[in-house]
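Naming follows writing order (A, B, C and D), and every chain is counted from residue 1.
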């Protein structure tokens, strides 16, 4: 059963075909990885899926409905959450508050009711905080709840951003290089975390450079090169795929 | 409207246009070097005019103007060194507020130095009534001075940025600070230079237009506002375009009063500013891409 | 929330204390300027939430103040008895019109302050909605310019339109009967009452805004300020939120405009001048951008001093200097604990200060 | 939070102290609300300087009836809201006998009611007719009436057989008030306005406006303004070759405007108080001595030419001083009554004859038609 299916999606910047006629599916409950050398169009593809970029053509069907052309916040509301390659934590907010922003979609208070602080808000706020504390527990960040997020060590910032996305209770989570700039130990932890996220029956689509991580956790891998999909298969086979090896050796990357 | 009248309006338009253009160039130079809009730009124009008038009492006109320009250039440098240079990655909001503060400060200082009264330099040639008659059109020689000197300034600037090492270094900084720094160009000095440059140009502008427009402690702000409009109209950071935009706005204004009450003249120009901002912030002549890679 | 209750209570106590102090020492007249400051503080609070919290600069808020003040003044002073006609009689039938004597024993038929006020504020809100859409798409300098432009347009129109008295503005604006026996009026006999009315409004506004910033919406606004794309990715409709908060702050300014106009008994073009907008922004900056209490206190202090003429001919200069000093050395405002660290950070960039 | 509340308390305590500081019974307290800075500073500046000079002079002579004069000059920057605040402050706190100014009509109208309520004499230095018409008990003004100035111009036009005129006016209070009066009086004088333009006080070039007038073939231009931009008008008019006569308002009565306009100012005709052409007056003229003295003193003290604006403040203060002297007391009511019945007071603006109906006290005879000869003001010889 596919949760997300991408059909011949393309986007060009001036002369450059950043994403060229790419199609693949993400089955419900899977961890799917998107790999490829730098400039292969992985992040562009993410931006297309999450609505930050408009594709030139193609279709993205998510949970049985076309999401192309929707605003990012609308797509998020459909249950697709994402993280960014460079951390985008909210400054001057504690870790808890950052995660609370993730609960936005699951609370109702509008401008007027918030200004008047209507009674129902107290309950809403309370339950939101509960959920977030639970998430912090899950992330093992309870201790840092009240610290200013952007002052945490980099590794933990990545985790907070991941938790913020998780707080949206998405059906699918798009992770843009979750392990970027992390050391081996931290990377391993992120790997474990992602698998545990899957256990919360959240489907995961991730872009990652760290091959060991990708090979460990993902069920399926899509390989992009110069905007085109050149392979899609189980990790074991991808590792043997001559074309993939060729690119990576050619790139001397990873 | 007969031809003479039409042309008379055009001449009037060109007069305003040149003035606005000069102010706009000042904005652009600083914007390119720093990404800051210097809200105190109009004050440079005012300072130039005021100083020149004062110095004019004991110096011959050209000397007075030269001295005024140099002095204002110094002020420009001083401002950058005192208020901008040592800031650590200042936010746009912060820079806006600082330059606004500077504009107020300079204006009020001028008020307490020179008092509230209006001043003007003498006409460079002839008197306030001499005018050259071309067909049915009357042109004050001062207008020719303004247009002429402005043209020269623009030409020199263009040459400076294209062909001198310093100019190219400034462009390099504008295009990519970090890369420029790697090539051993001191970005900070380039910024100081840009402030001096635009202060000097503003001052010169103030001197050459003061016989026509007069100068007063508070004549900076209205000019600055027109300057913004033109700078945006031409596409922020694009000096040559802003000259054209200046002309365009000036002529629009001078014709607007033939159909609208003059009291609303300024509403027109600001309304244009808003429309441009909404429709295409990159300016009339600039495309979005061009707007991104800054050019002088 | 408890903490907030205490703050408000403490502040209310201070408001009362000031009145008692003034009355007991026989200096009641201080309340005049304090009342005016209160109304200006409303504008500042509205701007603080827009610029400080949601991160959207506005150099045109005096425009909204003026729209409120001028419309209310125009409707409550423009004599309709001359016009007659079905519309006027219709309005009269709806009880929207009212008769009152003028300064010289004549009689005027004008719109009653309540409908006038409502109309004025609604208009300001409508204008905010209309321009907010395109304006808030802009960022940085472009946003600053657009709002500045809006302010200038209002100023020019006010100055160029004879209906609103061009340069003279509108005068002989009547008192505003808010409730039976409670009126916004400059009469010296009503000085104390008006002091409480004004500060009542401020406290009310403060409660609303404090509730807002501590709520889901407040977090959303702060997140827009912090990282707009991330906020969008969390499902926050950033464009709509920016527009709404813009409208809210415009409404604050308009209400202030209406009330102060009735309190002063008139309004002039200076209320819509760019310098006014800059002052509001200055106060927000000095108060510490995202700091409602700071903005409120600074507004109280600076407006009070300015309105009493303590700054003499240096009034604007003082604002300019404060503005520069604060922005250079304490960009996060004065009323904060880690002020000293920031000063250090500002002086030795190595410290790397945070930026809003 | 406590800390912050503490701060407010401190602030206010301080403020109250400062406020309470100003309490001295002996001297005669006089307030002045003037636009020393801001868009009308060209009015407020000279006015403030004149008042300072006069107070010094009076106090040097031992004050009025032995009472020294204590003057509070408040700079309103031409903003009504400040004028309102200051008016209340002066009346309730400083307990002044009278308020001189404000400089602009707008501010004056804004505080008219406050002066009435506070039963405090208001001697405005602003021109607009509405200030004293309808008459308010406590409100007077010293500048001549616009309508008289305009009538003087129209009379001259009739002599010159001019019937088609173009009108330009500044978008300040002075300009719009004059514009209104011109539109009102023109028909009665058989004069038609064929073009009517308003320009901004910050205008830098008005060629377009005058071109429009020239295109309408007006026989004469009336330029009604008090701001510097008015001399740009004359200049541009001459530059585009307009030959007809140019009439200005008494707002032109500032030699700097003449200097600014340069040669273009030559031959401009405008009505004004006699201050500007004092030297040229016949010795028989009652004002001559007063005018020359004020001029001499002011120019000696401030090294700048005296203007009629300063003159308005001079008159306001002198009228008040005279009234206090005559009333022999500082009782507001008494002093006010003296002013209202004051006749034949010789000021810079003219000979004032106040009455219950006329709180300005000047007639058309207060005006002299002046012109500019070799960059100087001179009486216009018809």
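What we mean here is this: a contact is a pair of C-beta atoms (placed from the backbone, for glycine too) under 8 Å apart; a residue touches a chain by one contact, two chains touch by 3 or more.
Worth saying up front: this structure is predicted, and the values here are computed from it rather than measured.
Fewest steps needed to get from chain C to chain D, stepping only to touching chains, is 1.
Summarising the inter-chain layout, the chain whose CA centre lies farthest from the centre of chain B is A.
A separation of 72 Å divides the Cα centre of chain A from that of chain D. Note: centroid distance chain B to chain D, computed from Cα atoms, is 35 Å. One finds 43 Å separating the Cα centroids of chain A and chain C. In terms of their C-alpha centroids, the spacing between chain A and chain B amounts to 48 Å.
The multi-chain contact residues of chain A, meaning those touching 2 or more other chains, do not exist; every residue touches at most one other chain.
Touching of two or more other chains is recorded for residues 108, 111, 261, 263, 266 of chain B. Contact of a single residue of chain D with at least two other chains is seen at positions 36-37, 171, 198, 200. Every pair of chains meeting the contact definition is listed here: A-C, B-C, B-D, C-D. Interface of chain C with chain D (complex): residues 3, 6-7, 10-11, 13-14, 17-18, 21-22, 25, 27-30, 32-33, 36, 103-104, 159-160, 162, 165-169, 171-172, 186-188, 260, 264-271, 273, 293, 297, 300-301, 304-305, 307-310, 312-313, 315-316, 335. Within the complex, the chain B residues that touch chain D are 1-2, 5, 8-9, 11-13, 15-16, 19, 108, 111, 115-120, 122-123, 127-131, 133, 138-140, 209, 212-214, 216, 218-219, 222-223, 253-255, 257-258, 261-263, 265-266. Of all residues in chain D, those touching chain B in their complex are 36-37, 39, 41-42, 44-45, 171, 197-200, 202, 204-205, 207-209, 211-212, 215, 228, 231-232, 235, 238-241, 256-257, 259-264, 304. The touching residues of chain D, counted against chain C in their complex, run 1-2, 4-5, 7-9, 11-13, 15-16, 18-20, 36-38, 74-75, 77-82, 84-86, 88-89, 92-93, 104-107, 109-110, 112-114, 116-118, 128, 134, 136, 171-173, 175-177, 198, 200. Interface of chain B with chain C (complex): residues 37, 83, 86-94, 96-98, 100-105, 107-109, 111-112, 221, 225, 228, 232, 236, 261, 263-264, 266-267, 270-271, 273-274, 277-278, 281.
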